[in-house]
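The first chain written gets the first letter, and so on, giving A, B, C, D and E; residue counts start at 1 in each chain.
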Amino acid sequence: MLYNYLLPIILVLALAAYLKGSGRAKELWRQDGLRSLHSLPLYHGLFVAFWTAVPALAIWSLWQMAEGHLLTLAVKRGLPQELQSLSGNEFSLVMNDVKNAIRGDIVTSLNNATATGSARLYLATQQGWQSLMAYLSLGLTILGFYLSYRNISLELRARNIVERLSTIFLMLCSAVAIFTTLGIIMSVLIESIAFFREVPVLDFLLGLKWSPQTAMRVDQAGSSGAFGAVPVFAGTILIALIAMAIAIPIGLLSAIFLSEYASEQVRTWVKPLLEILAGIPTVVYGFFAALTVAPMIRDVGSNLGFAVSSESALAAGLVMGIMIIPFVSSLSDDVIHAVPQSLRDGSLALGATSYETIKNVVIPAALPGIVGSVLLAVSRAIGETMIVVMAAGLSANLTYNPLKAVTTVTVQIVTLLTGDQEFDSAKTLAAFALGLFLFIFTLFLNIIALYVVRRYREQYE
Amino acid sequence: MPAGLITALPNQLRAITMQLRLDTNGELSETSQQTVGVPFVENARMTCRKVDVHYGEKCAIKNISIDVGRNEVLAMIGPSGCGKSTFLRCLNRMNDSLASCRVSGDITLDGVNIYAPTVDVVPLRAQVGMVFQKPNPFPKSIFDNVSYGPRIHGLATGKADLSEIVESSLIKAGLWDEVKDRLHESGTSLSGGQQQRLCIARAIAVSPEVILMDEPCSALDPIATAKVEELIAELSTQYSIVIVTHAMQQASRVSQRTAYFHMGSLVEVGATEKIFTNPGHQLTEDYITGRFG
Amino acid sequence: MNTLASIQNSAKLQSRYRKDRCFRLAGVSAIAVALCFIAFLFSDIFTHGYKAFEQTKIELEVELRPADFVGENLRLANYPAMVKRSLYALFPEVTDRQDKKSLYRLISPGASFEIQDKVLADPAIIGSRLKFWVPANDDVDMLMKGEIDRSLPQANRRVNDQQLAWIDSLVANNKIEMVFNTTFFTAGDSREPELAGILGAACGSFYTLLITLCLSFPIGVATAIYLEEFAPSNRWTDLIEVNINNLAAVPSIIFGLLGLAVFINIWGIPRSTPLVGGLVLSLMTLPTIIIASRASLKSVPPSIREAALGVGASKMQTITHHVLPLAMPGMLTGTIIGMAQALGETAPLLMIGMIAFIVDIPGGITDPSTVLPVQIYLWADSPERAFSEKTSAAIMILLLFLISMNAAAVFLRKKFETKW
Amino acid sequence: ARDYISVVGSSTVYPFATVVAEQFGKTTNFATPKIESTGSGGGFKLFCSGLGVNYPDITNASRAIKSSEFNQCQANGVGDIVEVKIGYDGIVLANSKERAPLKLSRKEIFMALAMQVPDPQDPTKMIANPYKTWRDVNPQLPATQIEVLGPPPTSGTRDAFVELAMESGAKQFDSIKALKKADKKAYKKICHTIREDGAYIEAGENDNLIVQKLQANPAAVGIFGFSFLEQNADLVQGSFIEGMEPTFEAIADGSYPVSRPLFFYVKKAHVDVIPGMKGFLAEFTSEKAWGDEGYLADKGMIPMPEAERAEYAQAVKELKTLKK
Amino acid sequence: MPAGLITALPNQLRAITMQLRLDTNGELSETSQQTVGVPFVENARMTCRKVDVHYGEKCAIKNISIDVGRNEVLAMIGPSGCGKSTFLRCLNRMNDSLASCRVSGDITLDGVNIYAPTVDVVPLRAQVGMVFQKPNPFPKSIFDNVSYGPRIHGLATGKADLSEIVESSLIKAGLWDEVKDRLHESGTSLSGGQQQRLCIARAIAVSPEVILMDEPCSALDPIATAKVEELIAELSTQYSIVIVTHAMQQASRVSQRTAYFHMGSLVEVGATEKIFTNPGHQLTEDYITGRFG
């Protein structure tokens, strides 16, 4: 019972501890006059609240993670021998049954006596453990509170402690990105290696033909397939370039117009409107590209005498460009807006036109942010799938003609992973290899971008 | 009021009794003051008539009428916050970029109303240059800071030409020796006084015909100050200069005429000598003798 | 000496002005292009989707004979039979088995569920004769909405001539009418277009995005602050920076793979739940928020930091009191865009089982659920014609969701904006 | 505790399985099963990962389980699997109603779409597919460009199409038929490889999108499931194959040659444990679902002959497991 | 060199012949100069020994050794760009926030080396307050600008207390009358001189024990300057003050000791009177007599 409310109780106790701690500090402060206290009462409060809540929360969450496992062990002992000997996963079915029995409304496979017996055992054990945990964590809150509260004194460097803790928190947060990367590499690396056992790396990297038509069944024998990734990467670059050719000018010009020319009123309304573009589901864009833009391009093209395939890189790239406009426009608008007015004044006072001011002063000053937003947009273009699947097709043509159908890395990954797949055929594994090399490819792009930005950064005061 | 009529007015309007009445908000009361001294000159380069500036609701300067003569240095003095910078910024419409700022009245340059809707601010500002109170170098190299103006106005025909302009401007501003070896470092990495001189160099590099300087020597040591004053003297043979300064000595050294501002109004204008030796208004006298406040 | 007027007329100046004007014009047209696109897309979606908010209903008089309800379990009664009986009563002339089947096709299979629900809610009505407005089948609905061309030959039409005649007679007798489609807003998914609703997906999106927001915003901002303000500038920091930029380019489906491997297989979080969806999407949105936040932290002038440090504020205080408020607009922009992306994303959810048919409305973060874009994706892929208007309507709901989500952030952003 | 059935697998079976699930959920006390559309291969991968609540109970498939998959299942302890065939799905070629319907033979389909075809001059020699228009394939056909929108190589539908239409078409060339005995690998390669010169456009697996693309481009032909043809009869028409129009009846009685069986696979160990499994299986295999007049037929699934239905219904009742 | 030893040194080291040799880069050559005059005092509040500062590769100040005495006003003069601000910023470790800036040497406050790794800069900066050369008010209200310091240091126990501190600080800085009706307007909407005084008020609001002022009166008129000088005199009865100024008169008015910097080195330090009447070094003499340059 108590256990169910443990989380809110701990939080309320932490709040109380905060109030108590800061109250105590305030009291000391009043007694001993100005500057006597090393840190503000706020920090003393946070210090106490931290020690009140965190150990208890840690124990609580550890228990949360371990509970299922421990309870299973406990219940297992009360079950018939043949059930006990089941393997872990199979036993989970029995446990599922027991849990369903506890809920009471569902027929189970266990015979009634066993089921109710186990259910009772489960409940009893759970209750026992849980109340133990509840008392343990409450005890910890009290202990934590007591120990930290005792420490409050004029000299306690509470601010330093709290700031140290927050810095650790910040550090941990930035570790998330690192772990994500590691996770991604791990989740594609093993399969990629398996893939390269079947297809030589060089064939993959330098091959000009992509046709993952391998046999899927032993009896299918079938075609052997070709895994040259060049056309796939070329297609990715082509489409991303088209998208950027749309998004960068439109996005940047919009950003500049909004922050430099437009009235505050216009900016207030237009900016969020543009941001809607980023949130329209890509499926919707895909339909639009495939059913409206692509036929339009084909009609226009054939009227002009070009051979346009009904699925073209141009259609997909155009629509994708529209989709990523807000990445450029909104993020750039923010950084441009943040350029101090004194810089603009400096330029305008020399008789520069707004255009010259923007080009020579404002944009360079805002450059790192702008480049960041453009990079983000490029990234998004490289990572986008649905639009290309629907509008540019899946055929891996090695071409720089935007009127032809091409395919991209992400599209191939998605179709390989969602189509009829097999655990270890090169066809499925190719998805992971593509993922890995895309990762490496964008890594290079980003390293280059980093150095470019470093070089041209103009830091204002 | 047409400019012709004004300049035709007799030069003898002076010592008109004036009363400053402050209402409870410390704002100027409606009964407007008249300026003591000789606000108008013959053959004026710029004329200002009844200029009021409001920041939002608040009136920053009120009913300022004054001329800037040809080839003269006009000094503006007055206690901090009295509206000198505000007025200065009106003269090349720098206030346009402040959304909350409204300017009314007439200001002309060579007889053209610079606030007329048809007037382009770009040539206006090229003609009426400005040095701001707070140095604001661009986060670019020192060279680019100075060459920026000449470049956009196409004043240099080539690279060499441009370098020449940059060098001569920096020399005039007295900064050349200090920076000649580091022209490609960022302007923001200079010391406070160096930045100020950089801004002066930047402004004179486009050879404006009227130069507005808002405390151009505030961060300068006496030697650098002397250089700038020399520059002012040299420029004033050809151009008109309006300079805001807190140093009375500076005003008396460099200017032909001095204007005294007080709480948003122009209290007195006159020949510098006259102002500093025999001021026409009690407030002016109090201020220059340091008895005020 | 040239005068103001003469300078104004110089050709050079004119050309500079022209550039300025062109530039401005380019800005306006860029915005116009983007806005036109939005307007076009919106109107397109609206014209396709507004009809989904109406629904055709047919009036049936159903007799709930006590004999039909044998046994305790009221669910086991043959409700379809009751519907059929009352339908045949309307058209007593239909006797042929094939024709009867055709006739029954006018009514949605949901009709019997509706009656069942009424009976379950109030068993006392058993034995009475009641009038019900039950949903018509999707083909009838399409016909009533004018989506089916009566002039086509019968073979090319989903509604045959006989059915047309019956419908006309129902219309003549006022037994068929269009009403506001409440089902769409209160039901979960269904394979019958007339019974399908958006609530399940909307709830799923809500829970998923709640988790995404709660994780990605604080973590993203914290990471940005650490990297921009605390991290020593060395190779490691560069590596992390490049690495985060690189994460932004990782295809979203790979995040799905990661989620499958880590959250489902290692952590044991159940598949298809908003919890795991939210986790995956927050990993996906993190780079966007981090990059935007870093850019806006960078654009806070150092003089502000110095001012705060100069009066003895600690680094953390400088950041929380001065830098963060000034950088907040940019951070919120990153969040708006990141969340918008998360709201519209389907690919990563594929790997973690959220591309699924789920009828029951999720009640929490560990119930199986889908999200709005998945619902759109699934409906768009359904053979039934009537799903196409549902798809558009679902997009409208998603946009509504997006707009209300953004509105809050935009409002906050406006509050934080300062110009100096 | 999981109290709902978890189904994964084929996107082709998905629209049928979901109807059953919905029906089951609404007419019983059990929760509606959760049905994921992962593709047949993805479904097997999940299904065969192990026993237990964390793994699905049922997987749908638009093809029979492969032996490698079966072995994988065994290796992971998923021993007893019940195979249930539920019906057929017709694969149709269709074009816009603005043009006349195509009347094709499988041989012509092969000639139009294969990567390599026998040289008309010397049928023993294989050459790269030279045919640009349908008329090149057969003078009776219209002179429009060959432009076929079909599933990508990763799709099960494509595999089925290749096997049912192309391979049997190819076999009609004696030279290829002879190859079958001589060099099975080369034979398969010729039969199964679709041309990549742009005449065949890999169009993803959204069949509605293909239908709409056909409308936008009347010259094109699309390959997709029968249910989409049925729903869009006013816009597109099925091509005749071997003189047969793809109608419900023609597919059901087998006279329309291109159709494939649909299956689902059940973990026997889960049947008694996951609430509602029995009921769901019963619902799926009931006449009102998969019968000739059942609701699955309404949704476009082609029912099996009555005898076959009875056989599988019995197998489900007994939970007869698959042996390999 | 341990501080004890230094303060024990005889006070008579003066008039040591010194040669300034500049290499081609304009940088100081290795043969270092020694400071003329009395750089060290007994009972010093802060001591600096052999302080060098580099910006990247460039050496900005070199080998500076000087003490700041208790309850004294130390003025620093010297041509623009000579390193005064750089040195001042070392005294409360403001240079830490510039990535390119490296400081070496020892600086102690009350005998504690402030660059020791264990030192917490926060209490240090609360003790050693700073007014920057360029006024940098927060983009917050005037009230918040001034109350920020007291608030984070817990100097006020309540709202009323805080208002009192704000009021008294603004009064001391001579800004109260001008802003008392607009305490909730943004600090950035003030005039240049007002901003400067706001920054002074902000710095003294935390009652630091050593106050570093970088040209605090550069944008102030004589009256406001007088107020600030009054403030300095008042504060110096309790605290130590280091002030950078370009106005010799100001230095002679407010300071007890004056240090003359030249191109990154400390040329001469001594009693103000002595420096201005009888400088020990040729460079100092040239500078104060205006003959330099």
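Simple rule for what comes next: a contact is a pair of C-beta atoms (placed from the backbone, for glycine too) under 8 Å apart; a residue touches a chain by one contact, two chains touch by 3 or more.
Just so it is clear, the model here is predicted, and its values are computed rather than measured.
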Chains contacting each of chain D and chain E, listed by label: A, C
Chain-contact steps, minimal, separating chain D from chain B: 2
Most widely separated chain from chain A, with each centre as the mean of CA atoms: B
Pair of chains ranked first by number of touching C-beta pairs: A-C
Distance-to-centre winner among chains (Cα means, whole assembly as reference): A
Cα-centroid distance, chain A relative to chain B, in whole angstrom: 55
Separation of chain B from chain E, taking each centre as the mean of its C-alpha atoms, in whole Å: 30
Between chain D and chain A, distance of the C-alpha-averaged centres to the nearest whole Å: 36
Chain B and chain C: spacing of chain centres that average the CA atoms, whole Å: 60
Chain D residues counted as touching two or more neighbouring chains: 2, 29, 38, 54, 205-206, 209
For chain A, residues contacting two or more additional chains: 159, 287, 340-341, 353, 356, 417-418, 459-461
Interface hub residues of chain B, defined as touching at least two other chains: 122-124, 126-127, 134, 152
All chain pairs that touch each other: A-B, A-C, A-D, A-E, B-C, B-E, C-D, C-E
Chain E - residues contacting chain A, complex: 120, 122-123, 134, 152-155, 157
Of all residues in chain A, those that touch chain E in their complex: 26, 29-30, 34-35, 37-41, 157, 159-160, 461
Residue ranges of chain A touching chain B (in the complex, touch as defined): 264, 340-353, 356, 360-361, 364-365, 458-461
Complex contact set, residues of chain E against chain B: 25-26, 55, 77-81, 83, 85-86, 133-135, 177-178, 181, 189-194, 197, 214-215, 218-227, 246, 248, 287, 290, 292-293
Residues of chain B that touch chain C when the two form their complex: 109-110, 112, 114, 119-120, 122-124, 126-127, 152, 154, 209
